[in-house]
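Worksheet: the structure to be examined is printed underneath.
Labels A, B, C and D are assigned to the chains in the order they are written; within every chain, residues are numbered from 1.
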């Protein structure tokens, strides 16, 4: 197990290096000189320019710059935002809990609905329920989520007035300093009555919007995995033992069917973070996705570079954890061939 | 003859396919008594497994099962509720499958799967179940049973897996075991071990055993009675010695002649053509296109069953000592 | 080690001669263990006479499929020599290999997997001619149709796809494809084990007739002793990558010398309920190829095992009509 | 050799009889495909939208960029508008229906070009890594791993940030994002085929590597690739629309559906149709293509085909 762990970790290192390389090269390819971006259109004295170039290490050879960049990242230095002048890592750390909270709730929404729906659809294959689940899943999978978000705001918030339109919190009625960065937890810690409800209400629509595609993917995957497993010889063996259908499906089949589903759930991390960019933009959710889009608009390339590096790094690490979990739940791999 | 454990009359199974209904089993009769070893033999597509899966109630929902009688002891399996039927399945009737490696659930230990069968049907404490599981593995010849119970199926070889399957089948002391090609996936020397084990257990416990196989050699060495199937129909049934000495259905005779070990010349007497599929089922006797004795009657009129003296052959002109008999003269 | 006294008929002219063929693989053992070296085939020698059939018998893990792959040069032998018409092809260059490729062809076990589902029967049979010869399209077609007729396929099957054909019919297509280059040797890897009895007889008969007509030699790999006894002139019994017994068919079947051959024969069910025979049921299973036993590989399961068997590999010696590798024989 | 010997077989080897002639592959495919009613419906909708896109200049009542200043934010005909602008007009008085019809050109165009480039590059890289193994495979697959590690939209944003927002760069960005799926699919399919006996049989027959790659193996990998290509079109349309929505795709006044949505966000209360209709157009198109793709999968992938 430990050997496997080491090997798997070692395999991700080249990906990290390549990621650093790509972000480094990409930002160098961006049209426009970073110095110009800093000084704006007022122009700059040549001596000052040379000094700035030296300060930023731009007078060094390219490989040297890359090594400095990589070295910085390894030591937690992801650059400094041009706009806010704060370190990128620090900005990211402030904003990331918001994204994490949203992504987590969206994933819970997707898993809690998706797996039972997929299992029931597979067991009742060909029934009205199956067709309904598959139709909803297909629609969800095909949904432009930015439009879906707007529709929900239009209907739930503007028309029915059930949920807040945007943001994480009702800041007029409640104010408290962030402790953990997670609004649900902080609202409880603040001790203010109604704060938790307000925080939860803000989360509902964004979670549904962000969870829609994962929900569709998980439901479809669970259904097809379940259908495949239900045809396996060992399920027939379980039925031949006279076990109840609930035990056959809920234990023997589901346990095996969940193995690929867990992998798919893990792979949704990327989808969730990508979807967060859109969802956060629509709901004015102060997370890293919205921040990334704003960085482009402000031509804040260090923030963009560092943000992409950090988000991708998180995805790589999560995928690594998923792989290790996969090993842990699959005895065939756990005990070697 | 003893009261049969399992009694089947005119069992038919029809599958709904996209190209219309497909009759996989067509009019099978079978009685199996306690302590008896009956073989069902046939080539692929003969419906031999499907018939027994129908008895177990293990067919997919696309299958429609009908029978004049399908009874275990004095209980009618056709009218039994699913819940009542599950009390018999796995308890009084157990089944062993062809692919031992894929028939065990890869996610659970061997011990869990054996104990589970007992937990479903027997009133035993968990310590008693564990004790019996150890005894069972010992009985089927698995060394170090305590350690093996903790193993996962992928850690076992094919032969070992089949022994585990047998132990699982025996867990609730069934009255009848159905073994569906239990040795086909195994090597010859392992096959010999498994067959010996099955025969020994059958003799010792007096359980009824239905052995489904395509191998005439296995039939000859194990069974007391043989039921031959072709294209879903039961075409002959008689005692094993009688069947090999004097087959009454032309298909049985041709099948035996086509075995290399029974042939004398350099060329084998082969059967032309292939088993009819869904699209090309002949009007009369299903074997008529390949039968060298076939007449116009055979090609147009479905045959009826001959007497027990003629092996219940489903044939217009059953063979006697290799010569076709006109039914009216035969009896 | 295996100084083979060559077989009398084969000694004069052999179309194929193998000396000490050996093949080892490095096998990854799961994710957690070190990879291991597995000797799949160790020191196999034989001579194959024209128009004759050499049967290779063994259970799974015996190395018989690896041997078949080496003989057809799908993979090169790790060591030893393989001579075709006195040319060593074991480590020949690509050009030599190409020249001899047409001389050794193969028929596979699974008739459903060995035909390309997107290739018509005609194209499958013509493909060897297309890539190896300069024949015109018309000539290729003529050769293919001729070969199809020989295996009992009708001309109208030329443009059909394999999925409409049954297992036995597909095996005929595979045989036609293998024989269209008129090879001297056909390696048949379990050619009938996936077929039903009635169809099996058709294919075996076809092989017999084609051997008479075309004079091709067969290497017939099988685990079915009934079929082997029917087809073979000579039999080579393998166990865990080694030859344990090798001799003329009658000698092997009527007077087996090696305890493994005897066990194999006695374990094979015979379709005759009257036959009373003494059953030798071997204990245990095939040892792990990663960790083969010392001495004779059969010693952990052998009923005649002696102390010597556990430490020393027995030499291959002539005993009666056959060559046997056993201390006790 | 006994070539001159009679070809007639002895009675012991009966010739092959009664192999039924097969239906043409196209007919067999259609009968399997048309079994799935959803797929046929999807196909019909896709064909309809494709025709609209193809004949946009003849079908659309107005120019997509002409601004009718007197008719700003006119509601659609069912909400009290006029037949002159059946789907109403947008904030600057452009005809929504015409913009939607021209938008179909852009979305389908992006989807098709992304798919075509991805399929071609995917086949080349996938086959190369499956057949050449070694360093080629390692490099190709590691690069694909990297692309996959970056969340799709984030990667597309990065590419657009480097190249600048435009329609063409949207295509490049979305292609980069979806390429790994095709490469991995082709490689996996090719590796699966390579382990089958017919490939070994072809090698024994002396078939060379190039022929093996493109004539023997590739046709057998096409079924999953076609399915992926169909579903890939819809994914590409969604991704491009998302970029358009973020202002990183097609630039105004191009009538791109995602960009139309972004333009109309602020009128969500006043003129809900400007928000609803472009999104609905995306949804209907993508659902139709996905329905068709599922039907293709059922028809082409025998493993999942209902028996």
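Here, contacts are C-beta pairs under 8 Å (C-beta built on N, C-alpha and C of every residue); 3 or more make two chains touch, one makes a residue touch a chain.
The model shown is predicted, which means the values in this text are computed figures rather than measured ones.
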Self-check item: Which of B-D and C-D has more C-beta contact pairs
Solution: C-D
Practice problem: Could you name the chain whose Cα mean is nearest to the mean of all protein Cα atoms here? | Solution: D
Quiz item: With chain centres defined as C-alpha means, what is the inter-centre distance between subunit B and subunit D in Å?
Solution: 49
Exercise. List the centre-to-centre spacing of subunit B and subunit C in whole Å, with centres computed as mean CA coordinates.
Key: 32
Exercise. With chain centres taken as the means of their Cα atoms, state the distance from subunit A to subunit C in Å.
Key: 56
Quiz item: Residues of subunit B that touch two or more other chains: which are they?
Solution: 267-270, 272, 274
Quiz item: Using the touch rule from the top of the page, what residues of subunit C touch 2 or more other chains?
Solution: 169, 202, 205, 209
Practice problem: Check each residue of subunit A and list the ones that touch at least two other chains. | Solution: 335, 337
Exercise. Note which residues of subunit B are touching subunit C in the complex, please.
Key: 43-44, 157, 159-160, 187-193, 195-196, 214-221, 240-241, 244-245, 254-256, 258-263, 266-272, 274-275, 290
Quiz item: Can you list the residues on subunit C that touch subunit D in the complex?
Solution: 72, 74, 98, 101-102, 105-106, 108-110, 113-119, 127-128, 131-132, 146, 149-150, 152-154, 156-157, 160-161, 163-165, 169, 172, 174, 177-178, 181-182, 202, 205-206, 209, 212-215
Practice problem: Spell out the residues on subunit D that touch subunit A in their complex, using ranges where they run on. | Solution: 142-143, 145-146, 148-154, 157-159, 161-162, 164, 234, 238, 241-242, 245-248, 258, 261, 265, 268-269, 272, 275-276, 278-279, 282-283, 286-287, 290-291, 294
Self-check item: subunit A-touching residues of subunit B, taken from the complex the two chains share
Solution: 56-58, 82, 86-91, 94-95, 97, 99, 102-108, 113, 116-117, 120-121, 152, 154-155, 165, 168
Self-check item: Parts of subunit B lying in touch with subunit D, wherever the complex brings them together
Solution: 17-18, 267-270, 272-274, 279-280
